[in-house]
Each structure stands twice: as structure tokens, then as C-alpha cells.
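Labels A, B, C, D, E, F, G and H are assigned to the chains in the order they are written; within every chain, residues are numbered from 1.
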Amino acid sequence: MAGLRDELRALLGAVEKGETSPDDALEQLSSLPYRDLGFARVDTHRELRQGAPEAVLAEGKTPEQVVAIARALVEGGAGSVLVTRAGAETRAAVRAALVDAEEHELARAVWVARSVPETRGVVTMVSAGTSDGPVLHEARIRAELLGTSVVVHEDVGVAGVHRLGPVLPDIERADCVVVVAGMDGALASLVGGLASAPVIGLPTSVGYGSAQGGQTALNAMLCSCAAGLAVVGIDDGLGAGTIAALIARGRE
Amino acid sequence: MAGLRDELRALLGAVEKGETSPDDALEQLSSLPYRDLGFARVDTHRELRQGAPEAVLAEGKTPEQVVAIARALVEGGAGSVLVTRAGAETRAAVRAALVDAEEHELARAVWVARSVPETRGVVTMVSAGTSDGPVLHEARIRAELLGTSVVVHEDVGVAGVHRLGPVLPDIERADCVVVVAGMDGALASLVGGLASAPVIGLPTSVGYGSAQGGQTALNAMLCSCAAGLAVVGIDDGLGAGTIAALIARGRE
Amino acid sequence: MAGLRDELRALLGAVEKGETSPDDALEQLSSLPYRDLGFARVDTHRELRQGAPEAVLAEGKTPEQVVAIARALVEGGAGSVLVTRAGAETRAAVRAALVDAEEHELARAVWVARSVPETRGVVTMVSAGTSDGPVLHEARIRAELLGTSVVVHEDVGVAGVHRLGPVLPDIERADCVVVVAGMDGALASLVGGLASAPVIGLPTSVGYGSAQGGQTALNAMLCSCAAGLAVVGIDDGLGAGTIAALIARGRE
Amino acid sequence: MAGLRDELRALLGAVEKGETSPDDALEQLSSLPYRDLGFARVDTHRELRQGAPEAVLAEGKTPEQVVAIARALVEGGAGSVLVTRAGAETRAAVRAALVDAEEHELARAVWVARSVPETRGVVTMVSAGTSDGPVLHEARIRAELLGTSVVVHEDVGVAGVHRLGPVLPDIERADCVVVVAGMDGALASLVGGLASAPVIGLPTSVGYGSAQGGQTALNAMLCSCAAGLAVVGIDDGLGAGTIAALIARGRE
Amino acid sequence: MAGLRDELRALLGAVEKGETSPDDALEQLSSLPYRDLGFARVDTHRELRQGAPEAVLAEGKTPEQVVAIARALVEGGAGSVLVTRAGAETRAAVRAALVDAEEHELARAVWVARSVPETRGVVTMVSAGTSDGPVLHEARIRAELLGTSVVVHEDVGVAGVHRLGPVLPDIERADCVVVVAGMDGALASLVGGLASAPVIGLPTSVGYGSAQGGQTALNAMLCSCAAGLAVVGIDDGLGAGTIAALIARGRE
Amino acid sequence: MAGLRDELRALLGAVEKGETSPDDALEQLSSLPYRDLGFARVDTHRELRQGAPEAVLAEGKTPEQVVAIARALVEGGAGSVLVTRAGAETRAAVRAALVDAEEHELARAVWVARSVPETRGVVTMVSAGTSDGPVLHEARIRAELLGTSVVVHEDVGVAGVHRLGPVLPDIERADCVVVVAGMDGALASLVGGLASAPVIGLPTSVGYGSAQGGQTALNAMLCSCAAGLAVVGIDDGLGAGTIAALIARGRE
Amino acid sequence: MAGLRDELRALLGAVEKGETSPDDALEQLSSLPYRDLGFARVDTHRELRQGAPEAVLAEGKTPEQVVAIARALVEGGAGSVLVTRAGAETRAAVRAALVDAEEHELARAVWVARSVPETRGVVTMVSAGTSDGPVLHEARIRAELLGTSVVVHEDVGVAGVHRLGPVLPDIERADCVVVVAGMDGALASLVGGLASAPVIGLPTSVGYGSAQGGQTALNAMLCSCAAGLAVVGIDDGLGAGTIAALIARGRE
Amino acid sequence: MAGLRDELRALLGAVEKGETSPDDALEQLSSLPYRDLGFARVDTHRELRQGAPEAVLAEGKTPEQVVAIARALVEGGAGSVLVTRAGAETRAAVRAALVDAEEHELARAVWVARSVPETRGVVTMVSAGTSDGPVLHEARIRAELLGTSVVVHEDVGVAGVHRLGPVLPDIERADCVVVVAGMDGALASLVGGLASAPVIGLPTSVGYGSAQGGQTALNAMLCSCAAGLAVVGIDDGLGAGTIAALIARGRE
């Protein structure tokens, strides 16, 4: 936001000095920094404003659209560009278009990392089961691109509570903990009762029947009586990675 | 069921011997043992057939109706009669009508125990919070009336997992464990992963918002990956107490 | 659990005798018995702790992952390993990797039975319709692997109540009854009113429209007024088989 | 409908004969028989058109409004007027206003029966529990006012299936059967599998938790595999009584 | 049911005369008329008992299972056998196995009609849109196989209410009306307000978004204020056809 | 919006002329016209911006809070102030505080009309039943305060479609039609198929059981195939009245 | 509607003059203008009656059926025919059958525009994201075929509120605004608070997890406190385009 | 957690030195620090372990129970004790029992603050409407008791987006932002797109109809595309205040 206020102040200063007419200023007020691709408006300013470059949800877009948006973000100076929920074809197209792009098949992600901020803070990510892997890794990639160090423990479960033992030291030293779980989501309550750092619950759609596509895990996390727990949407690895990085890095 | 088959055999024997005509037998086949009060048919045979006397749900019945049904069950020879979800007025009416009736205000229960079976088996009942008390005690009373020994641990929580420590010995020695929990229901998964006996999850309507009146706890218990866990309906202390007693007593 | 306490006692004894330093003990307390495969933590101890070896849900895992987990469990000394919801490819991979593996196509299950406990107790499993078969057989295989004898009656229905006749003797002699039904789930109420043993309701996603993917059968079973009935999740044959075997075998 | 076509034909005949101008006819086409009370349009013609006089849902109306509507229907020549879901105050107001009105406290109904059609056909109404009484009696009163004979069996249950025995002869001889049940609604499936006449399922909001205010009974009835079963809305005694009477009386 | 009582009476008579021993009679009481195929119990008696031969839901069964069940029903003397929700492969298999089988591609139905009862009564079936066709024709075929005459009007809509005009005469003369509609289901309310015969609402899953797979049409029909309307499950053409035929034929 | 742009232009002009410093301008940009009451920010500008003065939802506010907000709006120059969902106490408090306030008991509304715009356009409001009255009148009052002429027809129903006759001329001449209906909401489809003006569906929570508190009417309206129909929230008379007035008055 | 009344008046006049017999008139009253294709009744009159020609929902119809309906509408004199939700095969079939047909691949629409009304009024359509494109363009095509001018702004978002700047002038000058948004639907509230013209919310099924297939956007729009906002069904571009055009063109 | 590990290490050291026998150590392992009141286990250790003293949910507990728990926490050395959802009677009882207790009527909270940590970090809390006040203040009190500075802006709305202007500076300087909103919850998306600090969405049950008791606001927040946003349960001011304070204070 600071940037926005500064720009406004600069604009008003130019009007005061007669360098810009009121009508031109009005026009400029209407064209804040984004780039129009016709079918998409790319917010090249978000990184400055929010500390997190815009991510691209590939779902519902053609590979060509995704490539065009990603390229525009890179050309707009984004430190990194992350494309999520990208099928094989889209990932290949991005990698063909942007030479230093990397991908993670399981997480269905492809990204370009031009200038990732210096690493600060530690996020510990813990999943209940192996099947939560794709969502966990989407969160991990996002958090790393935003400049945090991420420690991962998969398949910790709750039905075998002793498995939590070796994870405890990493929970203790984390600046933020992300708990990834489907089905009953009980791991979030358990970890939420042990951690002293803020905990982000990341419910997944893993499970069938009464798991209701992640709704049960989501609701269970939301009504957990553990202190210091907040939740993102079902399978929203991107959202969990973003807020976890913001928390772990602290105020800048 | 044994009783039913025996009665049928006896009836057929009487027909064979000419002691009963086919038409009379047909008539008797239609009048199996219940007692008709006009507005209710009291199943005086259930105890023999199922090992559990019929309970009376007071909700939606007048105190007079409840008293009449309870009296009929007692007169029909029930070992015990348990009235659940009974308001103060109904409890008072039953106690006035049946001199040896006892009540539990919190559990909203009133009962007469004429001949409880000799105690066999141990049920350990564990609740997540103090507010689960009414449901827990309904389950406890039912299980005790059916002839089991019940050990109770209230307010064990999950956000403070170490509280579970002193409960473990009673979980180990139980023939059946009942876990009573609202909100996220996570205690059931935790206990389900520790107990070797069958575990009955008893979700409660405790909690607000995303607890959705117990639906979240219910769903979480149903999709727990803990082995050996089955679930009864929301706030159904009667049901949990019944099956827990049947399990703990074993085949008879 | 007994095992866990015994291990703790042994560890503390070693510390007392100076055989183990407190720091080493602390370390060991954190590494309770599981085997880390990187993407999965295999709980090789569950059988000792709970009397039921860990099962593997194949859904959401690659055939390679399933094979690795199954092999680790077998090598960890599991009496049996059951893989559920396994497609043809996964079943073939497991059979190729573990020579004595068996499979059931309809139930989408593949398993290795190294040392099944001596059979004890009888479970009677009753289904409402032919389409409930896959779920019923998953439950049956699980219960048999845990060392119970299982009697199966399929397609008993409720709309033709007389079909229940020949099933009654097996319901009478069971230590636990499992009722498998989709649609209205009414068979559970009917059987629940006849059986004297504990009854486990196993709702299935059979049916369309108002069957709501098994939710109607689940809810109907949960609010049945039959005594001695508890329920597992929709299509959760594994869960039903596990608790039914625990109940039928009784306390060990 | 016959009446409607006849009126149209008569109107067109009058135009042909010059007795009515086209504009007047157009006007008359727009003012088919109802009576306007300002806040309500009373359909005094429904009885002719549909064989069932309009009923008045008292809920959401003041006693004065109910009395005005009921009086208008009576004055419009209705054979009977039934007011449902009427509190004590409304019932008293109707009885004060219409001298020959009768009421049923449990069913919260008050009605005037000026000329009930000659009785034809038999409806057997069966309820699962005593608490279903209010809804059952609303259905019964409605069906009787429409000119059918109603046989009632309350508290038949399903968990004690033998209680159904004495009800069977009345199910056999009925022209239509109404099954009133809350909770799991299983009685509808059971009766639906036994009756040869059409069966109307009438789900009630009796039960708590997973009964979900009648939704479970409703869904269970809708996906019953019993042949010849259709369903009305939750607690809709009026609707069940109406269609049961129409079926039982047959085409007229 | 008459048949069932008569059989019981005959059996008891044989016991009385010493022709049958009580134990044999007990055995016979347990083996009422059905035929066991191993995976399915075919109810060859339903036609006698309920006036409607058992139908076969092909969904969830292999073509071989469907053929075996259908053949058993035919051999058991069924007047007709209707297989619903049958894919092309299953329909072909049935037609190959049973030479006089007919099929309807749109309705996904295949059937054998050996001896349909003499036609009695008229059912008028009205659909809101062309897309409701498959469900409508399943209902029509069922009703015709049960011995009623069916009149069909498709695509009547509600947004163009004048289209209802030419349908009115057939609604007037029907003994039962079936209204087939998805989306808002409003046609049922409209027809329900015009017909004097009982109306069966048959909601379909036609529509997207807020149609919620037929749930909206179902709920709308259930809370219609039209008199004389009952409802079957979503897309349940079989159920609608069955009860419509029972109503239209009247008591037999 | 015009006002907003004009203010911006004026502000920029003042900066250009040196009458306002950039910092002051920045400050003014942050304090657009609203009035801060501490617990509420009253938007005194909305009328200019949107052509509709802010309304006050009394629910969840104390009478004192409501009076303070209403007074601030009046003092801010609002042409009219409408308070909705106001209980008797709140209505009395507003009337005591603002001498020319009027109220409508049924609609639970109280309002002050200082300068209503000259009437332009006609809105016809049609309700399905008498119980929809409160919601209808909230919509009517709102639309009249915004300067439209409203014609009201209550209790038109759908089960007696001929009642729609006398309403047709007012539907024909309307600039916008509002259909108020609970239960099945079918009246919206019917009117939507007849009107040539835009139709606003206003679902109400009238009805019980499957009416699901208005959700069924809402969904039915949303998936109606009638052209030219849009919908507001359940019981949202205020919203319907607002958009109907905007439509009927046309662009200004 | 005017047409309908005029036709009725003409018919009655013919009867008056003896040119038409009452019976013939009755017949004609029953055959209002539609064309019967057997499986579909094409409403060739809707354009006259409602100002909007009937659109064809291709979903659930074969290409042949769609072509037949479209051809009948064209032959019936429709100014334009719009086929929505049409797959590639159906679009090709329509283009082959009707030479001047056009298509929009993304919007899955194909149409023939024979005589579009002279353009009147401006509709501004704003979408939250690129993925809302297909629904937006369905709405745009419909509105243009009904004779309005449409201005489109895609991918305006809400998380970057400054992007709304350049859109404001087009919002200001619109006669109706359509906001197309999935996920949280917040753009509708934001625009609804800025526009002075009526706003139509068009929720889309874009988004996953808690977006619940558009239900969240729909509900959020329905309970927005923005004045002058009404909503159509999820993904219902056709509905939004229709009412937006009706509003923008004003009363005719 | 540090405390827990330290205690374990000390215990093991005592065993090593022979000061404690293994059996005693085992016993002590089972009695971690909590205080048993019979009906409740008070976790006097949580403050050390998690930096947040246990709060007491008064709902479902008697005033006496609440007082006993609060007193035990205070006696256990809690820095502060917060009782939420406390009615007037409970608040009075706590104030009578604990002399320095304070209360907030609107927020239904009562608390004792013995030693609040030195203030660190700033939380900005923004609400959409006046009716969100009770939930906002519960969050504020909690965050202040945990040692943060809280800035409050109420009634910011979204329909009047310019009201957000004066709030921006406080959003910019916050270490964590809490957005409190019911209905459409759109304020969270808007603020989430502007803030650079982590944002906690706190949905409230404010609103009627489609607001669905807060579910719509919750879902909308969960599927917002704003970066850096996580959500707590509906009306869960306590949870939001806790995590906001943890985030704002940073790692300690």
C-alpha cells in the first residue's frame, strides 16, 4: 500500500507543480499499474503492494493463456511466477516459453524464480497421509518462492500418535506450522495443541464418503478448540503457503 | 430370537396335537407379545429377545403418556426401565408413579432398576469437554442398567494431549471404549489409535458455528482412519450405552 | 498399548542402570517403532498395539508407492497386509511383488496373509442387494484376516421381508452382525430389532437421486431406534470388518 | 376441470347468441370464481374442480384472518373447511365464529363439516411411534372430511417387527395405505413391501440429530426399493390425507 | 398378502392333520418363495403379493448377473420382467438371452412381456421438457407392463403456460396423472391445481447449477400447495410408473 | 458515480491552483463523505451516488443505535430513511425521535419520507399467499420511497391458476414485476412466462419442511426457464423494492 | 401479452359474428400458437409475447433434435435463435443446417440472427477472472441478439481493487451492469456499491473446494448489502443476458 | 513445548541418578500438569506451552462450574483468564468470585488480567457492520490480554468502498489484520487485496436467508483469491484474537 500512497502523493505533487493537468491526473488515477492482455489483466504491482507476486491458476485457462499471463508477469518484473493446478500440457508449454521454468509433477505446479527474496523464517509443514502430498508440495513451493525455509514431514497420521514424536522439534522451532490433512483433519487439533507458533490448517479433499470432499476436515479444523489455529480453503496449498510465508518472515 | 423360534415351535406342536386349531394359531401368530396402550404398543418382550429392555424417549410425549408406558414395561416384567430426554415435570411424574425410580438431572434421565443383570465387562467412557457431560451420563446410566461396569473420564480434550496420560490405563483394560466429543471430534481418532478394544464414537451437538450441531464431529469420527471405531447418532447416549454394554458383556 | 508401556518401562530401567543416558533415552522416546519410506511412515507396531495390522488405502497412491508400503509392512513382520480400493494395475503390481498375495476383483482388494490369528468368534454379514457386494466382501476379507469366521447372506432386501427368514439362524448365532445396505438402509433397523449381538451398520453408496451417495442410508442407520447398533462410514468395508472382528473375538 | 370447460362453452354460447358482448366475455374470462378478501383470494371453486375443498394453513396468519377465510369458504358453499397448524387461540376463534366447528388439540386442527361426501374406500394409516400422532391425525381428519373411512394403527415401529402382525389384515383390505414415520422412516419400506394397494409415505420431523428434522425419513422413503410408494412433504398430514382419499375413493 | 395368509393356513392345516411335522413346518416357514442365485435372491412371489413383478436395476450389476436374474424371474412365471438403467451391452445381453425381449434406447430399458394384465385405467404423463424424455418413458413402459393405458405429452413447459391447453382434456379424463419435470418443477404445481385425479410428481435431474441434480424440483413438488400430489424419487421412472398403475387400476 | 468523479476533478483543480496542498488533498481523498457515529459509519452520500438512500437493518442493533443512525441520515439530507426488520420497541423509538416517521406493523418497517422523488414507472407486485404479506409490503414501501408507483396483488397462488386472470392487465402494463412466493416458488415461473417486463423473484421463508426456510423457492426461481427473471435473497423485500424501482424508473 | 388478449378478443368477435362456432372456438382456445415436433413443442410466439425469442438448451438433446427445434423456430419467424451449451458436434450440425449460423467456441454457443431489433441501451459486463469468460460471452451474445449494445471488461478481480478504475466510466454510463464472478463473488458487492444502474449478479462455477460449484458466489451475491442487485442462476449467462437486455432497452 | 522436553529430561536425569525409580517415573509421565476438578481438567500449563492461557467457553456450563474453572486457572498462576459467551448471570458470578474481574456486556465476556505480557505488535481489526460488534470485541479483548495493541474500525462496509479510505493507514502499519464480516464477507477479499500483513478472516453469523448463519461469509473468505488470508470459525472471536496476537507478537 505504501507504494500506492507514494504514487498518489507524487501525482498530486506533479499537479501542484503544473507538470500534470487535473484531467491527465484523473486519467492516470484510472490506469493504475496493470497490464491488459485482452482476456486478462495482469497485476504487475502486487509484489510491491503485498510482498507476494501474483500466482496463476491454470484451471479453466488454455495453455496459451497461461503462457501469455506468465510471460507478462515475468516481463513486468515479478521476482517469481507460480502456475498452479497445471496439467502436463500447460506445464510443458510454460517450460517451453520460459527457459528457466521448473516444475513439480505431483503438485501440478510450474514456476519461474528470477529473484526470490533472501530466506527468512522457518515454516514446518506436516501432513497426515501420503495422499496429501500434492497439496503439501504446492504450499511448500509457494512458501519457498516467497523466501522462507520449509521443513516437511509427511504421513504423520493421528491414529498412530507416537509418529508425531520426531516431528516435535521441528514444530517447536517453526515460526509458523502448516498442517495438511483430509478425512477427519484431527492432526490440526493435535498439532494446534502442541505448537506455540501460529498454525495454518490446510484441509484436503483426501478421503471418501463422509470426508465429503474435504468439508469434514475443514469444519473440524474450524471448530477445533486448539488456540492459534486458522484455516485456508480445501486443497488451497497456494493460500497456505502464502500466509505461512508472510507470518514466518514477519513484518518487513 | 431364540424365544421367538421356541414359541413358534410350541405353537406348531399344539396344532399338531390338536390342542390348537389352525385358525386360532393364525390368530396367535398375529398377536405376538406386546401390550397395547392405545397410543403406544409396549414391547414387553424386547429384553428376552435382545438383552436390553425397551427405553422410553420422553421427547414428544406427555408426562402421562410416559408414566403409562413406563408402568406397563415394569408390570411386563422389565428388569429396568430407562426414560431419556425427560424434562423436570416428566421426571417428577415418573418418580411419583414408580416409587423406586431414580433420576439424573444433568442427563435428563429417570429410571427404575428392578433387576439389573450381574455386572460383567468394563466400559471406559471418555469425554472431550465438560459440556459433553449430559450425553456421557445418559450413556453411562444405560450401560450400567444393562449390567456393565463403567469408568468415566471427563474433559480430556485433545488440544492438551498430555491430559490423556492418566486415562490410558483405563483405556487399556476396557472391553469397550466410548468417546464422547463435539466440535471437531478429534478425541475419537486419538483414542481410536490407542485402544485395542472396540471404540464407540458418540458425537455431541456441543459447539457452535462450524460444529454444525454435531455433524462435524459425526463426520470426522466416520472418516477417521483409526481402526476399530464405529459411531452412533449425535447426542445418542442411549445408543452408545446399549452397544457398549453388549460388546463389553460379550456373547451370552 | 501394553507393548508401549512395557517398552517405556524397559527404557526407564536402562536409564536407571546407567545403560542408557537421559539424552539417548529422550532420543529413543522420539523414535518409536515406525519405518520411514520418505513419502510414508509405516506403522509396523500397530498390530501389537491394536490387534489389527495397518491396511493400505490404494486410492491416491501410485502402484509403486503401494508396493513399497506393503513390502515394508510385510518385512516389518505384519501378520497380514490388506490393500483396499486397489485398481487392476495396483493389484497386479502387488501380486508381482509379493508372491503369496491374493486378490478379490469385485472388492478391489489384494492381500498377503502370512500368519492370520486362530479363528475365534462368528460374524454374520447381511447385504440388502447384489450391488452392495464389493463393500461387503471388503469387510469380509478384513474380518477373516483378523481371525474371525464370517457367514455371508447377500441380497436380503427389506421390500420382501420374508427373505429374511433363512438368515435368522445365522443372525442368532453371531457374535456380531454387519448389515450392508445403501438406498434407505432400512435393513439395518430391521436386523437391529431382531439381533441380540451388537450390530454394525455399513452404509453403501448404492442408489441414485435421494440416496445421496450413501448419506441417506447412513443417516437412517444413525437414527434407527434399534438397540445395539453402531455405524461406520459410507462404503467403509475395512472399518466394519475391523470392528466386527474385534467385537466377535472379544477381549484378548 | 369439467366445470371449467362447461363454463367456457356456456360463455362462448352466450357470445354466439349475442347475449354477451366479446368485451364482457373477455372480462368474465378474467374473473373466474374466487372471492377477494383483500389480503386473500378464496378459491370457492376448488371443491367442484378438484373434489377437495381448500384447506387453510393457519401458520403465518392472524386468528382474524383465519376466521375471515374460513367464513368465506363456508359461505361459498364448501362442503367442509379444515384449518391446520392452528394454535389454541386460532382454534378458539374459529369455534367462536362458526358454531358447528370441531377441533383436535393434538393435531392442532379445527374444522367445519357441512356436507361430507358419502364414505367410499378405506385408508389404513400406520405410524412408527407415538410421537407421530399429531401428523397422523391431521391426515386422518382430512381424509375423513373428504369422504373416506380411515383405520388407524399407531406406534407399530420397525425394531419390533412382530408388532406389525395385527396390522396386516388392515393393510390387506385398504384401498390406500399411509405410513407415518420420522427418524429412519424404515416402516415405509417394510409396509411398502407388504401392501398391494398404493402406499403414501408421510415423513415426520420426529427424532433428533441425524434425523435432520425429517429429511432422513423423507430421503429414505424416496429411495426405498418398495414398489408402489410415493411420498408427501415432511409433516404434511394434509397432503397425505388428500391424496390418500383421492386414491381410495377412485375416479368419480 | 392374501396369498401369504393362505399359505400359512394351509401349512397349519397340514400340521393339524399330521401331514407335516412341526419341525418341517418351521423349516418351511423359513423358506418362503424366492429363488437363490448365490449373489441375488429373486422374489418370484412379488407379483402375486403386490400386483407388480420385480424389476431389475441394472446399475451396479454385470450383464451376466442381470441376465441370470431376468431369466430366473421369467422362469419363475413373472408376467413381465423390466430391466432399468441398462447400458447398451446389458440390453444386448438380455435380448440375446430372452428371445422376445424388447428395448427402448432412450429410456435405457429392456423388458420381456409374457402376460401383461388386461388394460384397465388411464394414466396421463406430462413432461416439462424434451430432456425429461428418458425418465418419462421408463415410467410409461413400467405402467404399460402393469396393465394400464398411458397417454404422453412431452415438453409442455410452464414458461409458456398456454401450451398446457391441448393437454387439459387428457388430464381431465385420467385416473392418475404423472408430471415429469426437472429444474424448478413448477409444472407439478400447475397441473396439481388443475387435475381432479391423484397426481404423482416425478422430479428429474435435468438442469444445472441451482437445479442441484433434481433436488430443487423434488423439494418444490414436496412443498407445493396443490392438493392431491405425492412424489417419487429423483429420476425414479420405475417408481412413478408403478404407483400410477396401481392407482389407475384401482383396488383389485 | 458522477458526483465522485466531479469531486475528484475539483480537488485536483484546487491542487493545480495551489489552493490545496498535495498532503491536504491526500487527506481529503481519505475522508470521503460519511459521518462517523463511533459504532457506525453513515453513508450520507449514497443517495447521490446510487439514487437510493441507505436503509437501516434494525436486526442486531439496539433501538438507540437505530435512532442515532436514522437521525444522522436525515440530518445528512437523505430524501427518505427506511428502517427494516424493526421490532415494536425500535419502531416506537424511531417515531418518538423523528416526528414525521410512519410505520407498517406487518412489514416491521418504520420510515421518514422527507422528499420522495417524483413518481415515475409502475411496479406490479404479486404474492402467492397471504403469509407472504410482510415481505411484499417491505418491498412496496421501499419502491414507493424511491419514487415509483406500486400495484399490489396478494394471494394469487398457482394451484388455482385462474386466479391469475385479473392480475394479467397489471402485469402487462408494469415496467417491472416483483413475484413474492415461498414454498415451491412456482408463481415466479408462471408470471415469468407471461410478462414482457423484467421480473424480480422475491423468495420468502414461508412454508415448512421441504420449503427449507425459503431455499426451495429461491432455487426454483433461479433455475426457472422463464426468460427475463432475476432473484434477490430470501425475504429480502428491501432488495427487491430497490432494484424494481431502479428498473421501473429507468436511466436518469 | 397484448397479442394474446388481442387474439382472444378477435376470436370472441368471430363467435359473436357467427363466423366461428363455440365448439370451434373452444378448440382454438386449446391450440394456441406453438409447433409440435413430437418430442418438443416449439413456442413460436414467445418473441411477440415477451420480446425475447426462445433459446435452445442443447444439453440433454441430440444434435438432430437441436437442429429440428432451431429450424422450426427460424421457420416460425423468430428474429434470432440462440443455442446454448452446445458441443462441437451440435454447433457443426446447426451451422450445416442453417447457412447463416455463427458460433462462439468458448461460450459453446451457436446462433442465427435474422432480424435483431435496432440497438437500444447499453449493458456493461464485468468479470472477476479470465475463467469466467465462457459464461460472460454467453450473456453478451444473448444481450446483443436482443438488441442492446454490450461493453465487456474481463478479469477485473477484487484482490486488486485498483483494476476497477478504468472500468468505472463504463459502469457509470450503463443502463444495466452484469457482474460475472465465481469463488467469493465479491466483485458483485463492490460494483453494486458503485453503480447507479440496476446490477445483475451472474455467479459462475469457477473455483474449487469452498467455492462449492458456484454456490458460494451465488449466496454471497444474494446477501450482499449493495442496493439494486439481483441475481440469476449459476453459470446462467442466457438468463443474465436476457434480463439485462430487457432492463437496458426499457419498456417498449 | 520447550517446557515439556525440559521436564522429560529432568525426569530421566532423576532416574539416572537413582532419585526416581522407573515405576515412579512412569507414574509421573502419566500425570503431566493439570488440575482435576472432577467435571473438568484445567490445563494450568497451557500458557507456558503455548503462550496463551486457556480460555473458558461458558456456554453449556453452569455459573458455578465456570467460577470453579476460572478460579483454578487463576490459582494455577494464569496471567489472565478470559470467559467467553457468558450470560449476565455467569458474568456476575465470576465478578463476585474474582474481585478484579472486568466484563464487556456486548461481547458477553468477563475476564481477570493478573499479568498481561508487555505489549508487542499491532493488530488492526475492521468490521463490515455495526452488528458484527460483539464478535469483534471478543477478538479484541483476547488479543489485548495476550499482549498486543489493537486498533478497531467498525462498520466499514463494502457497498460504500470509499469508507475504507481512512482505515488504510492502520491497515498499512498493522502486523496482522482481522476482518470481521457476515453476509457476503466481501470485506475480507477487499482488505486481503490491500494489506501486506497476514489477514485473518473472522466470519460472523450476521445476516439472514442466504447468509446461512455465517456459512456464506465463511465460504466466501475461504475461496477469496486474496493472498495472505486465513480464516477462523464463524463467530469465533476468541480464535481470531489468539492467532492474531501470536502473529503480531512474532516468534518469542
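Convention: contacts are C-beta pairs under 8 Å (C-beta built on N, C-alpha and C of every residue); 3 or more make two chains touch, one makes a residue touch a chain.
If you're wondering where the values come from, they're calculated on a predicted model, not measured in any experiment.
Colleague: Among the other chains, which touch chain B and chain C together?
Modeller: Common neighbours, chain B/chain C: A, D, E, H.
Colleague: Can you list every chain in contact with both chain A and chain H?
Modeller: B, C, F, G
Colleague: Based on the averaged CA atom positions, which chain is farthest from chain D?
Modeller: That would be chain A.
Colleague: Any idea what the CA-fit rotation angle from chain B to chain H is, to the nearest 5 degrees?
Modeller: For the C-alpha superposition of chain B onto chain H, the angle is 90 degrees.
Colleague: Could you tell me which chain lies farthest from chain C when each chain's centre is the average position of its Cα atoms?
Modeller: F
Colleague: Taking each chain's centre as the mean of its CA atoms, how far is chain E from chain G in angstrom?
Modeller: Chain centres of chain E and chain G, defined by C-alpha means, are spaced 38 Å apart.
Colleague: State, to the nearest whole Å, the distance from the C-alpha centre of chain D to the C-alpha centre of chain G.
Modeller: Those two chain centres are 40 Å apart.
Colleague: Distance from the CA centroid of chain E to that of chain F, rounded to the nearest Å?
Modeller: Chain centroid spacing, chain E to chain F, equals 49 Å.
Colleague: At which residue positions does chain E touch at least two other chains?
Modeller: Each of 5, 29, 46, 57, 129, 157, 160, 168, 193-194, 208-210, 218, 222-223, 225, 227, 233-234, 236 in chain E touches at least two other chains.
Colleague: Please list each pair of chains that are touching.
Modeller: The list of touching pairs comes to A-B, A-C, A-F, A-G, A-H, B-C, B-D, B-E, B-H, C-D, C-E, C-H, D-E, D-F, D-G, E-F, E-G, F-G, F-H, G-H.
Colleague: Would you tell me which residues of chain A are touching chain F in their complex?
Modeller: 5, 8-9, 12-13, 15-16, 18, 21-23, 25-26, 29
Colleague: Which residues of chain E touch chain F in the complex?
Modeller: 129, 157-161, 183-186, 189-190, 192-194, 207-212, 215-227
Colleague: So in the complex, which bits of chain C are touching chain A?
Modeller: Per the stated touch rule, the residues are 4, 29-32, 34, 38-41, 43, 45-46, 57, 59-61, 65, 69, 205, 213-214, 218, 233-236.
Colleague: Going by the contact rule at the top, pick out the chain H residues touching chain A in the complex.
Modeller: 1-2, 5, 46, 49-52, 55, 57, 121, 168, 171-172, 175, 193-200, 218, 222-223, 225, 227-234, 236, 239-240, 242-243, 246-247, 250-252
Colleague: Name, in rising order, each residue of chain H that touches chain F in their complex.
Modeller: My answer: residues 129-131, 133, 154-157, 160, 162-163, 165-166, 168-169, 206, 208-210.
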